[in-house]
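Next come two complexes, and both contain chain A; in the first it sits with chain B, in the second with chain C.
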Partner chain A sequence: MFPELNSILSISPENIPQGQFVVLSDRSGDASFLIHHFLSLYLRAGCKVCFLGLVQSFSHYSAIAQRLGISLPQARERGQLVFLEGLKESLGELLLEDVGPGEGPLDFLRCPQSDLRSLFAFVRRSVSKGVEWGPPVLLVDDVSVLLSLGVTVGALQDFSHYCKAALCRELKGNMVMLVRVEEDEEEEQSSELLLKALSHQCSLALHVQGLSTGYCKDIHGQVEVCWRGGAAPTAGFQQQKKLFQYKVHDKGATFFARGTSSAIL
Partner chain B sequence: MAAPLRSGIGVGSRQDTRAVHGTSFQKKSRGKLVSIPGTRPSVQNGQLLVSTGVTSLDYVIGGGLAVGTLLLIEEDKYDSYSRMLLKYFLAEGVVCGHSLFLGSARDPPEEILQELPAPVLDDIGCAAGDEGQAKLCDSEGEDSMKIAWRYQNFPKVQTALAASSRFGHYYDVSKTMDPEMRQASKCNTFFLPDELPLKSEAEPSTMNAGYRALLRSIQNLIHREGFDTAAPQNKSRNILRIGLHSLGSPLWGDDICCKESPSDAVSLTSFLYGFRALLRSSLCVGMVTVPSHLIQNRAIMGRVTKLCDTAIALESFRGSERETNPLYKDYHGLLHVRQTPHLNCLVCEVPDTKDLAFKLKRKQFAIEPHAAVDLLVRQPPSEPPIEPPTARRGRPVRDYMCNCKSCSPSVCAMQPGSGRGGVGGGGELLSDMAGI
Partner chain C sequence: MLLDVIQCVESGRFVIIQDSVQCCGRQLLQSFMCAALKREEVVHVLAFDVAEEDLRVPSDSGCAQRLCFHDGYTDPLGWNDSPPLTVLQFSPGEIHALLSRSEHPKPVTLVIDSLSWVLRHHPPAVVCQCLQELRRGGAVRSIVALLHSDLHQQGIVGSLCHLATAIVTVAPALRGHHTVAKTTRRTRSGRVTQEEECFIIKEDLTVTVQKQTHHPGQRDTEQEEPQADPAAHLTFNLRLSEAEKEAKDKLSLPFVFSQEKKSALLQPRPGAGQIIYEPDANDDFDQEDPDDDLDV
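Here is the complex of A and B:
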């Protein structure tokens, strides 16, 4: 959990907004540090968390969460966290091994061009259990890897729409999705389309970008925070944007206005 | 990705809790892990690292390859240097006694294995001594720096990128490895034409039959030989090095090299996802070369890169205009670091400079920050005329340089008049020295 980002977004573990759909995205940068922020934030706030970790192993998330002061194995034992380790679950499906009856959450990998019904059913099941915890939260790291596994943009849009309806509307919870976009901008790519579609649905978007001038040791990139619709702290209809530069540390990240990095001043 | 190190071996988790309750000054012991030959724990995040076989490449990617991760090499045009790197990677495995797996679709794997370079094995110290630059790095330059004293405090990276000499070996590319030595290590191969019947019934899947056969064969090997971290721990553990040559080329039955919008765009990425899953749960380390210049759709290459952990690209000068360009006369090509892994930590320390070039010497594949960039940006613009040396006498040279320690040298050097020993600035520097 990065306190600076919390104050930018005016969120705190004691004060979690409800029904928020957050889209994290990056282009020529790496926004995955933000997913760790949101994971530790919601766990600290006592929410019921369903985490779809599709790109890294559980121990990776757990090691980072430990640095941020949260123990994922404990949260998992207590039933607060439901963790789907995509790498582990997918192997049997990709190799078309025979598993027992019943649908696995990732059985869409068996046949190309199928929908994500089973994954949604998994999410639905896991957030409906554990009423003693706060409002449910779904985190996905990251959605765009599903494109690499043959899921279409349409199916992903359906999935996010269903999740939004179930979590943000019905259960008054929250949802965070990470989309990683390839660097080439000229073509209309599927990840670009996906980002557009999700940005259209979301209430808060954080877009990470590398510096246009290239790699820098002291400024890792810039993040554009964009509130949409009624989600803005100053209520209004227009979307409100803020731009920050950031630097990721060992145990957190600092955010500062453009050009005010400690390396420059 | 601590899978192999922490939960997998079962050393980490219990000790961690003890460390929390006890004093904070407990020595971290890593149990049996360090006893695997050819590995060392990372200084940054405690990951178990193995060498790529090229010491300066290890340095560039942050100390070495973490066990359980995948290195992607984007091939150069004629696949000569990327193939060399693959051979170094395998040869290092042979020298360290690791098991090997080599998958290929074009050249029979046995042929590649026969071409492995011979290690320079007299003594590790001697091996470093052979390479003047490597020694320069190690010995801190205590006595050898009489003449070039001005450069004493310059970062050592500038001469040659070399990590610790204990880890990784040097190879003589003019000789091939002794067959006896090669056969001492367990080596498994996968040659696609042998494994796959030409006509196979199409199963509906996201992955094509060739990749699926390859993935299954790797999985079987890992289970059979006990490389997975879930295996019983009483056996002595070893590392499996997996090298896959030219993945994505048409010979693997992939059409991403042929068409802009291939019908089978997700085969390679699905394979890499499955491969990543296998690596993460076992004591394996992978190296994959991909002919990226053949892949028509750049978006696919972007996804491939994201599914690998470390990604570097080789750009050879062979056949390009740069071969004859005097700026590049010392090098054989450029090396781009596309991606470094974030493992178990939010940040990953990488070397400052990203302008790297490589040259293949007889006993060393050297990767260095290339001088061409220095020459281009350090050459001051012609506007400020160089003052006569008398006017500048006594003024410290340091004044001409940007003093902020944090801005990168290339940025500083862009400012006019900041020549520090480059082409234009050389005159001043020499005259200053003469003045003193």
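Here is the complex of A and C:
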């Protein structure tokens, strides 16, 4: 959890907004530090968290959360965290032969043209359990990996719509999804479209971008924060935007206005 | 023109509000709903994109009776049990059935939020046919639909816009909290008019047009401050009086080839140079090729 980012977004573990759909995206940069931030933030706030970790193993997330002062294995034992380890589960799904469709959360891997209904059912099941915890949260790292597994952009839009309807509206929880915009031209088109589609649905978007001038030791990139619709701190018709540059440290991250890095001033 | 489109009561009207990620058009859609309710029209809303509470308009009790929501947000694909409205129900017959459920027999204004949702699950041709049939059917007086144009191919957006009598494209203005609306309006006679306007939407959802921006580039230059005259405090004179100007005009410049100059140059003058050529005995002068000695 990065206190600086919390103050930018005016969120704190004691004051978690309700019904927020956050879209994280990165382009020639890495936004996964934001996923770790939101994971530790919601766990610290006592929310029931369902995490779809599709790109890394549980021990990876656990090691990083440890540095941020959160123990994922403990949270999982207590029933606060439901973790879907995509790397393991997908292999199991593909190797098992006798299971019919509509069984596991990742059954779309077997018939790529299908929708993500079973994955949604899994999310729904996991967040409805554990009433003692706070408002439920869904975290997905990352959605665009499903595109490369053969899921269409439309199916992902349907999935996020259902998740939003269930979590943000019905259960008054929150949702965070990460989209990677690929450099590859062909994949860029679909991931770009996915990002646009999710940005239409979301209430807060954080776009991470590498510096156009290339790698820099002291500035790791810039992040654009957009509040959309009624989520804006000052009520306005249009979305509000703020641009920051950031540097990720071992145990946190600093955010500063453009050109005000301590290395420059 | 935006205000005319909002207040237009012509039957068979079909307005498309095009928006993009940069600028959301939903609030303008709400303004259309609000205006229709104020005109005592019955408004039916097919809400797929957002929940009912996000699309509510501030209204009194009379208005609330005439506003009818059809919830396509909670379960648009029938994944849960007993969906109130699914996207598969988007067909003229089903929509007519939905509309006839309300108590008001008057022709209605149909609001669709958004066509993008429908287009994801129906082929564009089916959507176009359905909209066209609804317009002709008589039960629907006008249709107002939101379309996220950046999510679709240009051809699909184009074919939908061909059906529309008015298209409002919203975009963020360069500065301030305004929004720019580019309105294209098609009359029955087939005449097409276009206009760009800056507008803001107040809290009660009334639209106020701030200024018209025919040429966005021109507007910028108008707003620039008049520049200070650089020739104001000079130690020398940059300007000419009338007499000086006349004298200047009279002066003929050395390189101007006037008639007198030309004749003076062509007339042989005493003391002017002359070329005398006396052929040498060794000269091999060829009449047919005078340039024979040149190495070309």
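The rule we apply is simple: the second predicted complex is superposed on the first by the 252 of 265 C-alpha atoms of A that agree within 3 Å, B and C clash if a C-alpha of one lies under 4 Å from a C-alpha of the other, contacts with A are read in each partner's own complex, and residues count from 1 in each chain.
As a convention for this text, a residue touches a chain if its C-beta (ideal position, glycine included) is under 8 Å from a C-beta of that chain, and two chains touch if they have at least 3 such contacts.
Computed from a predicted structure; not experimentally measured.
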item: Fit or clash between chain C and chain B when superposed on chain A; value: fit
item: Partner chain(s) touched by A:67 [first = chain B, second = chain C, both, neither]; value: first
item: Contacts of A:56 with chain B and chain C, given as first, second, both or neither; value: first
item: Which superposed partner A:36 touches (first chain B, second chain C, both, neither); value: first
item: Once both complexes are placed on the shared chain, angle at chain A toward chain B and chain C, C-alpha, multiple of 10 degrees; value: 100
item: Touching partner for A:215 - first (chain B), second (chain C), both, neither; value: first
item: First, second, both or neither for A:200, with chain B first and chain C second; value: second
item: Nearest Cα pair across chain B and chain C, whole Å; value: 17
item: Contact footprint of chain A on chain B as seen in their complex; value: 1-3, 6-7, 13, 45, 203-207, 212, 215-216, 219, 266, 269-270, 272-274, 276-278, 280-281, 298-299, 302-303, 306-307, 342-347, 352, 354, 404, 406-408
item: Residues of chain A that touch chain C when the two form their complex; value: 115, 117, 120-121, 154, 157-158, 161-162, 165, 169-170, 193, 196-197, 199-201, 228-230, 236-239
item: Interfacial residue positions of chain C with respect to chain A in the complex; value: 21-24, 26-27, 49, 51, 54, 73-77, 79, 116, 120-121, 148, 150-151, 172, 177, 179, 200-201
item: Chain A - residues contacting chain B, complex; value: 30, 32-33, 36, 56-60, 62-64, 67, 73, 87-88, 90-91, 94-96, 109-112, 144-145, 147-150, 180, 182-184, 187, 189-191, 214-218, 248-253, 263-264
